[in-house]
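As structure tokens, here come the structures.
Here subunit A shows up in two complexes: once beside subunit B, once beside subunit C.
Take a look at the complex of A and B:
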């Protein structure tokens, strides 16, 4: 395990984010309620690897994404990129960190300030990071980048305001702008969930092609299992701030071991229409992440839950070939 | 050109705003063309004192010192508008920066500034202005600065609320992820996108500044070296029974100007409201 850690290009070490619950009683006695949005996540990624991160809404996958780009500070834990702690890097050289790690947001209509033209929007990061000699060269870089991304005529697009472009165009620009900084680690936070189905494939292909060109690692956050399986090398399934199952895309989707993953995948219709499988019903709402535990977080909704599950959070079990899952009943 | 057309269309879409804008244009015309539409210098003490309105030489009459009331009204517009613009500019600038800092940075900065705003909102403004004028003298510059320094809290409150909601928007997060520092984000993203309610409020603030200056002058604390409407009302007060016109025309001018600014402010508020079509963009 330790050897593997050293090799990994990106090493997420026990990252957690806790929020104090607002509006608690004044002079409340005892322990303050805490929302554990992200609760002890450790993952390793190779260079050029695409990791799919799936889970239902509110499970903390977007929060994890925001921690990875340091839009939020983790309460605990650290992320190492190529052996360098990002915690230290962002303190010493924040611009270098921003160049290395980039994010593509879910909502392309709100990613750019409505008051600037696309030209200003694309040139600003170049200026801030001193890329290109002068404005002319930067302008040329923007034009080239837009044209390579299929946005023609580039000069016309540069003159427009964000509200004059379509969601697909805006998301392309968002991706291209991130790529201008040559990042080695890209977080895509549901980049196509707000777009028309017709342009989704193009946007995803563009994102993957560009990151492959630069050999960048990608974290792809999504709740679309079929899509995630198609593009990811590995998949991590999140539930209530924790990773419950992790493995290669095929391992997780074809042979899910954790009851939550099983339920999630059995309810996903689009994977294989020929496959006969009954959808597993999950009872109840997801429990709140306010002081969860002590047992398995999924126990209350799990069809296989026993008394044992309510006592202690299960350890990860290795199922071979790096496929791991956090459930007591596996292999029994 | 496209922008100008769009602005004109927006103004036309709201009657209050249209009326207010026409009023402001008239006021601006009066300010610029004052020497052309008056016969006498407003500060000239003429030979005929207390001439009643309707006199061929002085259509609105003269005051006890022989100054032409029409000329005083016209030149008083300059004073009032100058006070309005300078005072509300100071107030808007302070409000935007202080409110933006409070809303965007949050935490301790927000707590301290919010309390400061509350303290300022609690103090009666007129009393504070009186105190400062009494201490530092009543030149028109002092009065403008004092009005600006005491009226920023409402602007700051608006800007703070804007910054609070804007800082959660994706484009701010995106700018942060692009490596922009906090000062750049505040100046380039928060303030330009959140400034419109403050602009609307500032228009109303201009009316209040004019009123405050008039109140000071009426109390005899105005700048005695400039012609102002408040001063006219103050001067005319003692002649109210015998020469009503000295105070009345000044009062009417104050009323009309306030009306114009309130209409513009209300109209702007209405037009900039997100529910009012897409005009707010």
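Take a look at the complex of A and C:
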């Protein structure tokens, strides 16, 4: 494990984000309520690896994504890229960091300034980072990138405004723009959940192709398990700010070990009507991440929970081949 | 056993303004038997919501022209007068919309809103009667009676959607239309809801239309599927058969762009091209420009539905020849 750690390109070390709860009673006694959005996450990623991050809304997967691009500072822990802390990286040379790490957001309609043409939108990062010697060359780069992404006629699209394009086209531009800077680490936060299924496939394939071409590591945040399995090498399942299971895509989807993952996958409807889905019923909604614990966070909804589960958060158990899960009852 | 609840015949919806007409739904015909769960699938802009809104008479009369027939328990939904319609709504025919978050008033408690609807339809209701019924229904969707006193902002999206579903069942409607009712929800919540809905169907005598773009929702919760593309109903049939051996090339393409959950990972294929301009009338198969199997015959005339199997038809010329 320690040997692996050294080699990992992206090393997420025990990252946590706590938000204090605003308001509350003025002279409240005892512990202040804290929202533990991300709670001690450690992950390693190789270069060129695609990591799928799945979980329900509110489990902290987007917050983790924002930490990775340093849109947010972690309360604890750090993220290392190639052995260098991103905290240091962004302090010393923020532009270099932004060139290395890019994010693609969920809603393509909100990503772009409505007043600017696509050309202006795509040229801006190039200008900021001094790529290309003049506007002409930058323009050429944009055209090439659009055409490679299947957006033709590129010249015409560059003259348009965001509202004149469809969601699929905009999301493609969003991905292409982030790729213009040749990043080595891309965070895709639900990039296709706003889009129609018939265009999803194209965009996913484009994202995969581009990241393979540049050998970039990708964090793919999604709640669509089938899609995540399709795109990812490895999958991490999050629940209330923690990773409950981690392994290769097939290990997690085909052989889930943590009760939460089992429930999640069994509830995921398949398009094959013959595939009998005996959905595991878990009670209630995900609880709020305000002062969770001390036991297993999933215990109150877990069908297998025992007294033991309520006492202390379970350790990760190694299930072989890098497949890990945090549950006391595995292997018993 | 098979009593027809809703039978739609040649329903067309045309949106118009001074400059142009948009043919949003064209010659839709299908029927729904009692106890059916029908899934209407299609991409955005395929007219699936327009079809539902037309049935519910929620389209603005000035800009939308609806023709055809929709026979609902002996009455034509498209022509009944307002008073009769008001009686039908909620009681016989109710709807759950996608964004439960925005279908509630933010300044009234959930309870007040449910009570409001209850009072409108049962003017002589006793005090507490509505609450009793509502709490019973809330239990059905796994919510406690605590919800009664809460404001919409205090509930999560999944909970609100549940309240909306519970509300739509207040009067045991004969037909429930769910317009993307589970789309905005989490996987687990969606799974729970679909299960709850299926359970309810067993206990209540309910027929349901699910409008969705997610094939897996249809696979999990419906027995009949209507596939729409660009205003046309391209395929109607039993879920198991359509999803396994889709007859229409569009359905085939749509299914090919879904990754499988547990099966083999096949390369995802998108359908090339985009939805055609619906302000024009086409004298060919509307899917022909994007269709991998298109032939000369497809471009000559708009195909009529071809019978493929029992209760299964597809609007494709090639299906007639037995080849797709």
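One rule holds in what follows: the second predicted complex is superposed on the first by the 325 of 332 C-alpha atoms of A that agree within 3 Å, B and C clash if a C-alpha of one lies under 4 Å from a C-alpha of the other, contacts with A are read in each partner's own complex, and residues count from 1 in each chain.
In this section, a residue touches a chain if its C-beta (ideal position, glycine included) is under 8 Å from a C-beta of that chain, and two chains touch if they have at least 3 such contacts.
Worth saying up front: this structure is predicted, and the values here are computed from it rather than measured.
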Subunit B and subunit C placed together on subunit A: clash or fit? fit
In this superposition, the partner of subunit A with more touched residues, subunit B or subunit C, is C
Exercise. Which of the two partners, first being subunit B and second being subunit C, lies in contact with A:265: first, second, both, or neither?
Worked result: second
- prompt: Of the two partner chains, subunit B (first) and subunit C (second), which one does A:98 touch, if any: first, second, both, or neither?
  reply: first
- [ ] With the two complexes superposed on chain A, say which partner A:125 touches: subunit B (first), subunit C (second), both, or neither.
- [x] first
After the superposition on A, what does A:321 contact: first (subunit B), second (subunit C), both or neither? neither
Three-chain overlay: angle at subunit A's Cα centre between subunit B and subunit C, nearest 10 degrees, stands at 80
Q) Touch check for A:223: first (subunit B), second (subunit C), both, or neither? A) second
Checklist entry - Should A:134 be classified as contacting the first partner (subunit B), the second (subunit C), both, or neither? => result neither
Closest CA approach of subunit B to subunit C after superposing, in angstrom, is 15
Residue set of subunit A touching subunit C in the complex reads 56-57, 166, 168, 196-202, 204-205, 223-227, 229-230, 253-254, 263-275, 277, 279, 281-285
Interface with subunit A, subunit B side, in the complex: residues 169-171, 173-181, 184, 188-189, 192-193, 281
Per the touch rule above, subunit C residues touching subunit A in the complex are 43-44, 142, 156-159, 186-192, 194-195, 213-217, 219-221, 239-240, 243-244, 253-263, 265, 267-271, 274
Subunit B partner, complex, touching residues on subunit A are 66, 69, 71, 94-95, 98-99, 101-103, 105-107, 110-115, 124-125, 128-129, 163, 174, 177, 181
